[in-house]
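Heads up, there are several structures right after this.
Paired with chain B in one complex and with chain C in the other, chain A is shared by the two complexes that follow.
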Partner chain A sequence: MLIKRKNGQVQLGESTAVIVVVIIILFFGIIFWNKINSSDIQKINTESQELSVIEIANIVSELPELKCYEVNVNKIKCLDWYKVLAMNATVNSNGPNYEFYNNYFKNSKITIRQIYPTSVNITIYDSKLSNNTKTLLIPIPVNIKDYVHKTTGYGLIIVEGYYKG
Partner chain B sequence: MKNASKINKLNKKGVVDVQFNWIFIMITGFVILLFIVSIVLSQKKNSDTQAAYSSMNQIVTILKGKQQAGNVYSEVSLPKTSMSFRCDPVTNYFTFKIEDSERIQMPLEIIFGPRDVVSSKVQFWSQSFDVPFPVTIFTYMTTANSIIMIYNNTDSSNAQKLFDDLPSNVTKKITTDFNVIKDYTKYKIVCIEGSCPTSSISREYIKISPAAGLYSYGNVTFYTKTNTVQGTVPYISKASLLGALFSDNAEYYTCQMNRAMIQYEVKRSLVEKRLELLYDDLNPGQCKVSIDVALNELVIPMRNSVLSWPSITNIYSKSYGIDAGSTSLTVSNMDLTLGSCPKIY
Partner chain C sequence: MNIRHNKKIKGQIEIFGLAVIVILISIGFFIFVSLKAQHPTENPQKEYTNDKLANDFVLSILDVNVKDCDTFTLKDLIVDCGRDRKIDCGGTSSCFAANKTITDLLNGTFMVMNTKFRFYSENLKDNAGREIINITHLNCTSNMRQGQRGTAIISLYPWPNNVYLNMNICYQ
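Take a look at the complex of A and B:
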């Protein structure tokens, strides 16, 4: 009788051990699964944020509000200096125009840097974010036309995209 | 007796052990099954979300791409998908949803089309909205199972012009025979004032009443099936008129036009600021005078034309203001070019 009783206890112990092991395996499985999922999501998130900065850079160089009014067949984009100045004066303050361009430029800072004939930096949009950890900087070479003095200079559109890395 | 009761007790314990084992196995099995089911369900949910996301991306890419260029036609073929577009007349928020996905806001895109679309093929067409400086690109959306019927009972040249200007890929007919719409799930009957049905047609239709040329400005009246007026709304320029043609109803059209006019004011203010800066830097002479006239007599007065898209009570004054300003700006811009001066836009 005692042997039978011991056998029963051993069986119960085995079952419990199996269940405990299975639960531990399941637990680790869930942790592993979550880690893979969250790292994938983070990777996709970073990629899409980087892509959105590139998208902003493309938008800036194609905006009719900044482009020269001649039909340009050159590979280098052309900006109208007075459109740049007008945008600096009307967008770079928290008014309705800033709100409108926030839909285009989101968390970024856009600077037009004239290199020649004079060196000038004009910021046309700045979301002024300070707590973000990373920035992606994209410079695009451009011609800059001054229709009053009838000169063509050159410079860069500098797009700084802020994002959480 | 004592021994018999002891044996009985031990047997019962054995039975309890065996039952307990089975209960353990069942619980474990259930937990494992639950885990597998949850993985399968989460994978299904993920793949559904991914499918909706990729469809949405495809549509959004096309819609955003349309923002870059006017007069471009494109089609998207998808598995039969339901899409809904909503424009809130109070907040002017425009949102888009595909199947059961999250509604996404489209703050810049101006899209005229049906509010709800269930189709495997969606057609997009775009037109630049210029007054005369570029404001934005309007996107028009329709489906392969929709038709635009231009009703023309007087050989109106405007009706023919409107028909010719619609893209050939869109299903369109110019006729007085209503049987042509029978095979389509959605239809839009359009007529120009003077060549519209004279009696009730028991179908929804829109009537265009140009105030000047067809594409300058005027108003569009939306009629219900019972021939009552659902709404009369103003239009300005070709792009805006086509917007009314593709819109489901007067409210949706007005909401999109309100959003367009917010963009108009932003772009107009940039033109105004640029002219001020040009005026400050130009030497005294003809160019400075012309820029001053353009600024003070055309661009600044156009500011007051559209604080909001005009209601029918002031349609003519406001639409006329934009239309007249737009025409004069085009002429001034040409004059400035001929005088080798900086252009207005």
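Take a look at the complex of A and C:
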């Protein structure tokens, strides 16, 4: 009778120990899974924000409002300097044009930087979100054509994307 | 009694073996997941910048009109430099003017951004047999991890050979 009782106690102890071990493993497993999952979500979020800035950079370099046109042939990666000046005046005049381009450029700052032959910076769009935001910078090399003086210069389209980090 | 005792020992050994297997599988799983979580991935901005910037730069600079002889493009100067070097560019040779212009363009684009790069020509040699254009910034060598290489092929026709302009950007 006493031996049977002792056996039962041992079995109960074993069961309890197994349950405790399983609970501990589950607990650590959940903590570990959560840690990996949260870092993955943050990474995906940052990546999608970076991709949206790259998308804006691609839109800007292909905008008909800025691109060169020569006898119906589109020159790749080429901006017309006078179109750049016109767009700067149009977008920054605080009219409805800014709202129109806001749909395309969203939270970003777009600067055309002529590097050669002279150094000139023109900001054609700026959403001016500077508080609590990080910026991501994408430079795109382009030719800048001056059709009046018939010269070709070199510059960069600089797209700075603002996003919450 | 003896048979019962033997059976008990056998059972204990089996359970012990099973426990060892479970522990080994768990450790393996944890190591696998940890390594996967720590594996470094390039962010899209770095990939885009390193891959596209080199190619776009090399293609854009060829059409640029050179300051001291603005009837010629950089491509004209490189072709002349690869052929018989007849063009005079404000008192300097086409090779010197091309090299100086490329240095100015690289300075305004990559040096200001502290980007590691190597820009060099192939088949454009000086009298000593060295490549005329060979510009390196922040020790970017061919041994370092590099993004896509941008190359422009310039034909010297009717002369034989092509000149190659190469732009390599090293990862930071």
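Remarks
To be clear about the criterion, the second predicted complex is superposed on the first by the 115 of 165 C-alpha atoms of A that agree within 3 Å, B and C clash if a C-alpha of one lies under 4 Å from a C-alpha of the other, contacts with A are read in each partner's own complex, and residues count from 1 in each chain.
Methods note: a residue touches a chain if its C-beta (ideal position, glycine included) is under 8 Å from a C-beta of that chain, and two chains touch if they have at least 3 such contacts.
Worth saying up front: this structure is predicted, and the values here are computed from it rather than measured.
Of the two partner chains, chain B is the only one touched by A:96; chain C is not.
Look at A:117: by the touch rule set out above, it reaches chain C but stays clear of chain B. By the touch criterion defined above, A:152 reaches chain C but does not reach chain B.
By the touch criterion stated above, A:126 is placed in contact with neither chain B nor chain C.
By the touch criterion defined above, A:47 lies against chain C but remains apart from chain B after alignment on the C-alpha atoms of chain A.
Legend: residue contacts after superposition of the two complexes on their common chain; A:83 is shown touching chain B, with no touch to chain C.
Here chain B touches chain A in the complex through residues 6-7, 10, 13-14, 17, 20-21, 24-25, 27-28, 31-32, 35, 39, 68, 107-108, 134, 262-263, 265-267, 269-271, 273-274, 277-278, 281-282, 342-343, 345, going by the rule given at the top. Residue ranges of chain C in contact with chain A, taken from their complex: 26, 30, 33, 37, 41, 43-45, 48-49, 52-53, 56-57, 59-61, 63-65, 67, 70, 73, 101, 104-105, 108-109, 113. Contacts from chain A toward chain C in the complex involve residues 25, 32, 36, 39, 43, 46-47, 50-51, 53-54, 76-78, 115-117, 119, 136, 138-143, 151-154, 156.
Across the complex, chain B is touched by residues 1, 4-5, 8, 11-12, 15-16, 18-19, 22-23, 26, 29-30, 33, 62, 64-65, 69, 80, 82-83, 85-87, 89-90, 96-97, 100, 103-104, 147-148 of chain A.
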